[in-house]
Amino acid sequence: MADTKSGAIRWGMVGGGRGSQIGSIHRSAALRDDVFRLVAGAFDIDPERGRAFAVDLGLDAERGYPDYLSMFAAEAKRPDGIQAVSIATPNNTHFAICKAALEHDLHVVCEKPLCFTVAEAEELKTLSEERGRIVGVTYGYAGHQMIEQARVMVRNGDLGEIRIVNLQFAHGFHSAPVEEQNPSTKWRVDPKFAGPSYVLGDIGTHPLHLSEVILPHLRITRLMCARQSFVRSRAPLEDNAVTLMEYDNGAIGTVWSSAVNAGSMHGQKLRIVGEKASIEWWDERPNQLSYEIQGEPVRILERGMDYLYPEARIDDRIGGGHPEGLFEAWANLYRRFAYAINGRRGLAPEGMEKLTFPGIDAGLEGVRWVENCVRSADAGAVWVDYR
Amino acid sequence: MADTKSGAIRWGMVGGGRGSQIGSIHRSAALRDDVFRLVAGAFDIDPERGRAFAVDLGLDAERGYPDYLSMFAAEAKRPDGIQAVSIATPNNTHFAICKAALEHDLHVVCEKPLCFTVAEAEELKTLSEERGRIVGVTYGYAGHQMIEQARVMVRNGDLGEIRIVNLQFAHGFHSAPVEEQNPSTKWRVDPKFAGPSYVLGDIGTHPLHLSEVILPHLRITRLMCARQSFVRSRAPLEDNAVTLMEYDNGAIGTVWSSAVNAGSMHGQKLRIVGEKASIEWWDERPNQLSYEIQGEPVRILERGMDYLYPEARIDDRIGGGHPEGLFEAWANLYRRFAYAINGRRGLAPEGMEKLTFPGIDAGLEGVRWVENCVRSADAGAVWVDYR
Amino acid sequence: MADTKSGAIRWGMVGGGRGSQIGSIHRSAALRDDVFRLVAGAFDIDPERGRAFAVDLGLDAERGYPDYLSMFAAEAKRPDGIQAVSIATPNNTHFAICKAALEHDLHVVCEKPLCFTVAEAEELKTLSEERGRIVGVTYGYAGHQMIEQARVMVRNGDLGEIRIVNLQFAHGFHSAPVEEQNPSTKWRVDPKFAGPSYVLGDIGTHPLHLSEVILPHLRITRLMCARQSFVRSRAPLEDNAVTLMEYDNGAIGTVWSSAVNAGSMHGQKLRIVGEKASIEWWDERPNQLSYEIQGEPVRILERGMDYLYPEARIDDRIGGGHPEGLFEAWANLYRRFAYAINGRRGLAPEGMEKLTFPGIDAGLEGVRWVENCVRSADAGAVWVDYR
Amino acid sequence: MADTKSGAIRWGMVGGGRGSQIGSIHRSAALRDDVFRLVAGAFDIDPERGRAFAVDLGLDAERGYPDYLSMFAAEAKRPDGIQAVSIATPNNTHFAICKAALEHDLHVVCEKPLCFTVAEAEELKTLSEERGRIVGVTYGYAGHQMIEQARVMVRNGDLGEIRIVNLQFAHGFHSAPVEEQNPSTKWRVDPKFAGPSYVLGDIGTHPLHLSEVILPHLRITRLMCARQSFVRSRAPLEDNAVTLMEYDNGAIGTVWSSAVNAGSMHGQKLRIVGEKASIEWWDERPNQLSYEIQGEPVRILERGMDYLYPEARIDDRIGGGHPEGLFEAWANLYRRFAYAINGRRGLAPEGMEKLTFPGIDAGLEGVRWVENCVRSADAGAVWVDYR
């Protein structure tokens, strides 16, 4: 872990103002390791509130902007202007802001979903390549050390050929129509703001991305998705969905995405089954990874231990036994974003710029998966070729 | 628990001879509570071995029969002849033996699957009604106290309207082609003996039946099933399958049936999600039932405790805290079979003849479900109307 | 597992009549494997009730005796008289009955505590040796397969030199003065019937015995015990106690015995710490044994698996994954009692007569430990040399 | 959570230089919520290395001091000098540095143990009162939300009268003499640097402090402690210890402190048993608190949920389901330190200055407990009156 401010990236935010939990998480993660320095922000749709918040955060008042376009324009003219920006606004604005940021030659960190269609995502990808800028997407647990361990275990053949991929993110917090009282939930079930899906995009893409990290060599060939609106007022958006996927190596996968899994806290779980062994991980007890070799006792791998693969120990902050959680996973991600950005300037510690992180392709694949799921579901939960 | 031999039913077995684990479980269960008395058997396809085994079990040598037909014929002539018979032979013989037993006016306890087709099952059902005889099917965990608790909780509305039914029985013992060395596995993957499916019928019907016990009011309207033969030599029989089910109340269900879930012991789990709460049960820790009311702390219900519903305490043998296991679940089932049989003679303790047990309908529904799954899978994992 | 009645031992019971849970467990265990045959009993202090119960159990009416002395006398005269007897009466009667049984040349299975003083226990030991009869004591979990596994692991050096022995049996069922309503608890807190202790003898001796099974080479050199009566009306008997023990190899041990551990079901747990590794076992999830090698991932060993030591697989009834519980542990014990009895007649299967079981020494050591604990506690919880 | 820099306290460090894990944790915690601003440090006994590290951390070079005395002197003369200092040096230096800091009118945050004797601790206490400065001690988990929940549950009578207090912190990382290779362990087992104990002070005081937070009304009246040096070269310092404690209300407590609990990660666990219910907490799964009312199902309380007491939700950063860990507990503590410091200037948010934190009394009580334990152990593990 870097104990230095050298190379800290000048950083701004769009959205995530006062009272925003997600904004707070972004700042906590970006500032944790002194790899970013917050210098500007368009935090709020209410310009005055946004400026006041900026001042409270210790920014110069003039760098608390009324909107993202004026921020991008003004910062571009400053010699000390922002080099990167994070986007923590409602889903329907991600595409436009992301595009504008890239057009101003900024590196981008964007909340998922990156956008609503594959076509948009591909446009952003082309743009990011043209401008030589990274786009990071905040699939937070992709930064967890045990996900790295899982990735290297699969790469190393510890599981053998992969056969079954069971994914779920199934909480119960929206079992009742809480959006009637809670505005912060309301937009999530409104297609205008949320896009073509609720839980598929908002929830299901998280474990899906983790599976892509762990199983980069597998390709979905076709899928089918059944989605339901158990709280009827949420239709056409779903609050529960089951997706089946066939992979090019013959493996079968399932994703259970739900906001109505009553009584469950998060329920983000992965189980990857290979011909020799399985691994299982649960975000609510994230420091443990179950490693189950057929015919041997189950082994419980612990974060921070010497027996893990080196890749799983790079991000260790404190040694085994001490629990780390979501915040460390996010901070690890932001550090990897920083390494990737600095790597383009030759400033990253050696080798660090190669660390995996959810970039533009992760954002694109999430959008693609939702698009395929919705296409299947809307046709009656039929199989569709993945495209 | 009955502490009496009075009313013990004269009982015989077909199959389950020396070295048969399943035969041993049947005897352990039937004899545990003095509700059956073993008096005859056709234990083995080798008549001599069968007779020797009978003698070892303490039977009269003459009642160790060479085959089931001669047993049924001879016993029918005795005033002290068998009143009930259990069938613990390979799957492909269940139908014929069961039919012959009913035709000899015997009560029957049969290993699942009861038979291979719905037509056969319906024939047996008609016959059992005509003869006034019960057919019990040994879905063992249906006898577990916590399944009773779950059943009454649902009936009582503790979960509210049911939304999601997640079932699995997914072990890993056949991750490799163990049948090449192990004859007791070999027949399971041979359609001639195993019937139209391997894990769907052999494994998946177990949690399916438990869901029928707990959710008797739900009807499957359509399903789809994808099945795989990860060990290729098992084709056309599957060693892994995923089934999706839609119910008449709008609920969605999944069943994961697998023998290649590497590293898993049994993995028989149920999670029933209602609009208010969920319950979850796992056969490897069967004395606990997780009860999860949305917005409240998860509660861990324990077998044998006073706070359970009375129906869940009828079968209690020892009080809470002491672990019970598979053997007690089976013994409870056999006791219920006995109550049902005796109930027809007015001999069961009051009310006991009404206890639920897996009868001919359970057998029929298991066969029906496999038939629908196979029909779907063989058509390319498409949705099929349930029939 | 024996599938035979040959060699079944003619067996009687003292106590354990209608409504007695413990009597029911003894019968279930003894009869499970056809190694004992119940032929006589003095089940009840009310002769008529005892006789009626005997008849209900299928015994000849004449062998339902009014008291144990007349049973021992009458059976001794029969050519088919009992060869062994189990004692399931209140604690204060164990010694006299056990002594009388041995004097009638009977093998004995006795509930713990065997008696109230070391002097009594030694008298019984001498008598059992003189008469060539076994005395089995029902520390039920001593029959569990994972305890066998633990025993062989220690013997095999898998843990290295033993350093720490943490034992507990701490339930919460008597947190309130339940004995005021519940007569079956009342005698346990009355020194006249319970002897010099409540939880130390009734509860604490269970994990203590398991530690003796697993660590036969360790000797306690001194101990101290603090005992409390949190429900004051129980004084002088304790409902909670903590015992510290020093062993001859320098190891330190603790035993927590409690009936007021509110909310706990059983809480019988062992943790044995060696210089290389630890093992941990919990009677409420008895099919698993945690094996924790320092510096390696924790391994969860499962009952019934091939990777266990052969000694841990002798008693397997059903294969791994299926949960076994208390009843199987007891049945295994009774089978070992039978092997030991038959072994003296040359009738046990080869090698089986050598299986470990809690015999007269186990009974003696339990009494000795309680005596030392009480001596320490009554002197103000001071260290006392173990004697 | 404060989203503001206003009121940030000017802060310095002694020790915790490059490569120090504990220094890194202090900075991460203090800077997490913008309540402290690092402006000076004497990070290293090597002045040059310390200065270079200061620069790397973004400090002015002149404020990277060669030693703590020159830092305290120089900073005292600056109008923008440090207001608070954290001490992360070896144990034997804590007293002198802490004393000097208070004499320079600085607020202090000190690693535990605060010092080696009660006399020293009392001197520091007097000094802190005279100077009107706080002394915070970093018992990190005291900042965890579920500890707050436990504290309020006890205060609220949810458990009833407290009967049993079982504490442990028992890891296995030092099962072998790792100090022979690892210098960062070496000083811990050297009385010159570590003081009169190893695991009692280094480890055992952690759960002890948590018990003081949760049970502020209980007073230890006497205790006894047995300590062992299983790795013999560690003598006279212990690597394992068992302490028994009697409380003024009649409760009994135990503390297991160990560094040789092979295979255990941390093993910091609390179980508090009351007459009505128990609570149990484990630092490796810190987001859950088991609440066990006698006669009811165990409830698993989750961090961040609305059903918790308000005091347990003040520190919530992210909502239930997301795991928090050690870093958040530490950051919460540092925030409370800041509130307490600012409260003395009337700058803390209303009510926040009243939040509990481990202050000088916590430091004093830790030292007192170790002193009593050592006194008991060295006298042969006898009971000593607590003083």
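Lettered A, B, C and D in written order, each chain numbered from 1.
As a working rule, a residue touches a chain if its C-beta (ideal position, glycine included) is under 8 Å from a C-beta of that chain, and two chains touch if they have at least 3 such contacts.
Nothing here was measured: the structure is a model prediction, and the numbers come from that model.
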| item | value |
| --- | --- |
| Chain pair with more C-beta contacts, A-C versus C-D | C-D |
| Interface numbering overlap (same over half, different under half) for subunit A and subunit D | same |
| Whole-Å gap between the CA centroids of subunit A and subunit D | 34 |
| Averaged-CA centre spacing for the pair subunit D and subunit C, given as whole angstrom | 44 |
| Whole-Å gap separating subunit A and subunit C, where each centre is the average of the chain's CA atoms | 56 |
| Shared interface positions of subunit C, touching two or more other chains | 173, 291, 296, 298, 302 |
| Subunit A residues within the subunit B interface of the complex | 159, 163-164, 166, 172-173, 175-176, 224, 226, 228, 230, 240, 242, 244, 246, 250, 252, 254, 256, 258, 260-264, 273-278, 291-294, 296, 298, 380-383 |
| Subunit C contact footprint on subunit A (complex, rising order) | 291, 295-302, 305-307 |
| Residues of subunit D that touch subunit A when the two form their complex | 1, 3-6, 18, 21, 24-25, 28, 32, 34, 53, 56-58, 171, 173, 265-266, 283-287, 302, 317-328 |
